[in-house]
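First chain written, first letter: the chains are A, B and C, and each begins at residue 1.
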């Protein structure tokens, strides 16, 4: 009896080995999953919510929405964002007003937690899908998000009806993190 | 079927007409040596590429696909890289043995390689004890592996070498015994003679069940002798980083790497020669038309086709199964394979007598 | 329990034993600690969840969280304080709960509390020569005090056990070497292909056979608990994903639950269900990787790639809805960050049958394989008692037959409304720990299947105040992560930053189990056992 069990176990073992080989052969003939990256550049569809790079959208008149309030800078856990503001006389009222001078973003320190975007009361910054980050020196990872010569959008920014809490957004602005059409790939 | 001996005889005659017999022999030796070395290197490159590609396909990947179309030149690029790499000196290692070890391994495998009949009339060494020679020379490699592990002054290498010593010496037995079954069947130890006897029927068909059992055991034992998964305990990437060649770099590592792949080829080639009829085409008794068509296919195509079939089997097994533990491995050899081999030898003797 | 305690110990007053947050909190003096700890153990509380060290300013204290092995939701907290700040001394409890040994080492490392009679009180994460105790409030982080060493440090520091000369001061220590000169000691890690992360094991070998295993932690310690003390609560959330990166969403859930409990926020049902689905998807992804890497540890590289291939589908689901793959960043205090993507339901529904089919293939490829079963059978047996004593929770504990699933014991999120089984096996061997992960994937699929069509409509996050401040007090919340019970302890003083945050890592005790089950087995088994326990190092080196 013991002998037959021994023989049976041997054949059972061989059967399981063959099953394993069947699975690998199945995958041998299946279509392959490798993403051919540089070739599929442009063809591959990225998920619109994918967080890859913080950007500040500008409209066609080179206007952005940032009022240099600094909420994003204070909310950032890693000190990734530096908002440098300057005082300027408002052309309409003539009173001195704080405007954005430089919006510096250190990609090297960013953990993509999205606190800045969620905290921004003016929807001035968004994450885009542009993920090709490699540069040769660390310094080049520090990016200036506002374009040269850009300014705050002139029409009075509506007081947002969004109730902003620290990291939590309530109200209609549900899809705030949603994409603006990705800009053209910058050459590095 | 065209024989390569026409070519070799023509070279021999030309050389003898140009110079004295001694010089002609000398030039021939040099030519053969160069030819064997070149074939060895080229085959190794092809095998490395094949392995990587096949492995990729088993794993739902594409494998190398950057250097050339389908990554054909990937292993050439790797070779150039490995040639340019620094040979790192290991502190407090045994320098002489450390250098020598990789040569032991590669010389053992080249010597075996030279004895294989690749095609009709294409065989460098044809002893009358060819099987014996192949077994003897191929086990030279274990010396190199032991030396490599010992001289590296590394604990990982040491464990790897010790495992390897135990493994190779054990599996030498069943691979030898399974070949003996064929020697019993053919009554000759000369490889060319064994191939010639398979002109009508291959030994795997002629020898009935014992030949088939011997074939399977030879593949298992041979696989174990090449230190490839699931028998890759001496390397055991996930346990010992890479076992006996952990400390090697550059071309010294390259020698181990080449020898590993070529050993896989050699095992497949010996299996082909002994069981699958070597370069002989497939003949089925009575089907004359079919046999004639088969004869038109050149002999080296038959040989390499069968060999690569065996290589593919080895790769398939390697990329499917987990690694054995050292005690399981030795149990498999001493408690399963070797007794079966001995019984099989008796069975084969009975088959031959009947 | 409260009456029992007060009846037994006449020195305990009503004020010392407080029922808060669903558990008894007992404040005791150090001298009485062992007495009461023994009594609690006798009452069936045999699972020491965690020891939290706290610097109260004037004095240093510890909180012991102890749960019942038979009902892991039933928890008692023991609080004690040592009034001497210079040479704080507390009695050890590691003879009562075995796992206390490593927790005490951690507290000793960060607070400098000496636990008398603890046999191995080396520092756990930092070097022996490190000056100062980092989690004390008066710690000076000046790099000049602890410069980066310019030379290799000797292993002698790691291999010597301190022995106590006297109970009063920590000065009079002598050292005892752990190994002989003739021992064959081999370092697995910190950089080693088989180590999941940068774990360092000092292994004493006898030929191929492992004799002792001594783990060293701290190679990627990032001081997250210290960082948390200077962060606001929403900022801390981005660190929780980075503890056990394979079950990031679940860890984050624990922290959110803890804050929500403290602030008494009602989370909308939509968020609750979506969070549960995310947790289960994370669990599947983690188990797939755990299965794959265990197979790879045993030499089957192909299985690993198959595991990664299936995990990729889950990563895609995460990416589409949350925007992150590994660091999902989805749960927030009060709900979730964004509403689910319109494709979310469809993708999850496609994934469930796909995963079922693939599970079958995984079983065919590896579970029945005679080489694999031959290697796993009878190796690394962990008995039920030992599992509880060592605090081995999660799939590894359930493989030993310990019903410790918090999703059943103390259902949080939407687990009380779904029908699923707690997978239990009785063997406690490597094969049980291996196969239980695949079975848990099936159960997770069941949970997702029940929830995916029943996501309620409504807001996806509750209204939360602008600046989140937790009311004063201690809060402790545990969830079932892919490796076991993950706990978050927050001590708040009412500020926008927490006063102390402690994470209970399930992985740390899993490495401790390696010490127990590896000796006597082969080197190859050591690696396989590591794979079967499936620890994640960044969770240990917080």
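Rule of thumb we're sticking to: a residue touches a chain if its C-beta (ideal position, glycine included) is under 8 Å from a C-beta of that chain, and two chains touch if they have at least 3 such contacts.
Note that the structure is a prediction, hence the values are computed from the model and not measured.
Between chain A and chain B, the least number of touch steps comes to 1. By number of C-beta pairs in contact, A-C leads over the other of B-C and A-C.
With centres taken as mean Cα positions, chain B sits 53 Å from chain A.
Each chain gets one centre point, the mean of its Cα atoms, and the points for chain B and chain C are 50 Å apart. One finds 30 Å separating the Cα centroids of chain A and chain C.
Residue numbers of chain B whose C-beta contacts span two or more other chains: 58-61, 319-321. For chain A, the set of residues that touch two or more other chains comprises 17, 20, 23-24, 27, 33.
Touching two or more other chains at once are residues 302, 306, 309, 365-366, 369, 371 of chain C.
On the chain B side of its complex with chain C, the touching residues are 58-61, 155-156, 159, 163, 229-230, 232-233, 236-241, 319-328. Contact residues on chain A toward chain C in their complex (touch as defined above): 12-13, 16-17, 19-20, 22-24, 26-27, 33, 47, 49-51, 75, 77, 111-115, 118, 127, 163-170, 174-175, 177.
Residue ranges of chain A in contact with chain B, taken from their complex: 17, 20-21, 23-25, 27-28, 30, 32-34, 36. By the touch rule above, chain C contacts chain B in their complex via residues 184, 186, 192-194, 205, 208, 295-303, 305-306, 309, 365-366, 369, 371-372, 374-375, 522-527.
Remark: chain B residues 54, 56-62, 65, 316-317, 319-321 touch chain A in the complex.
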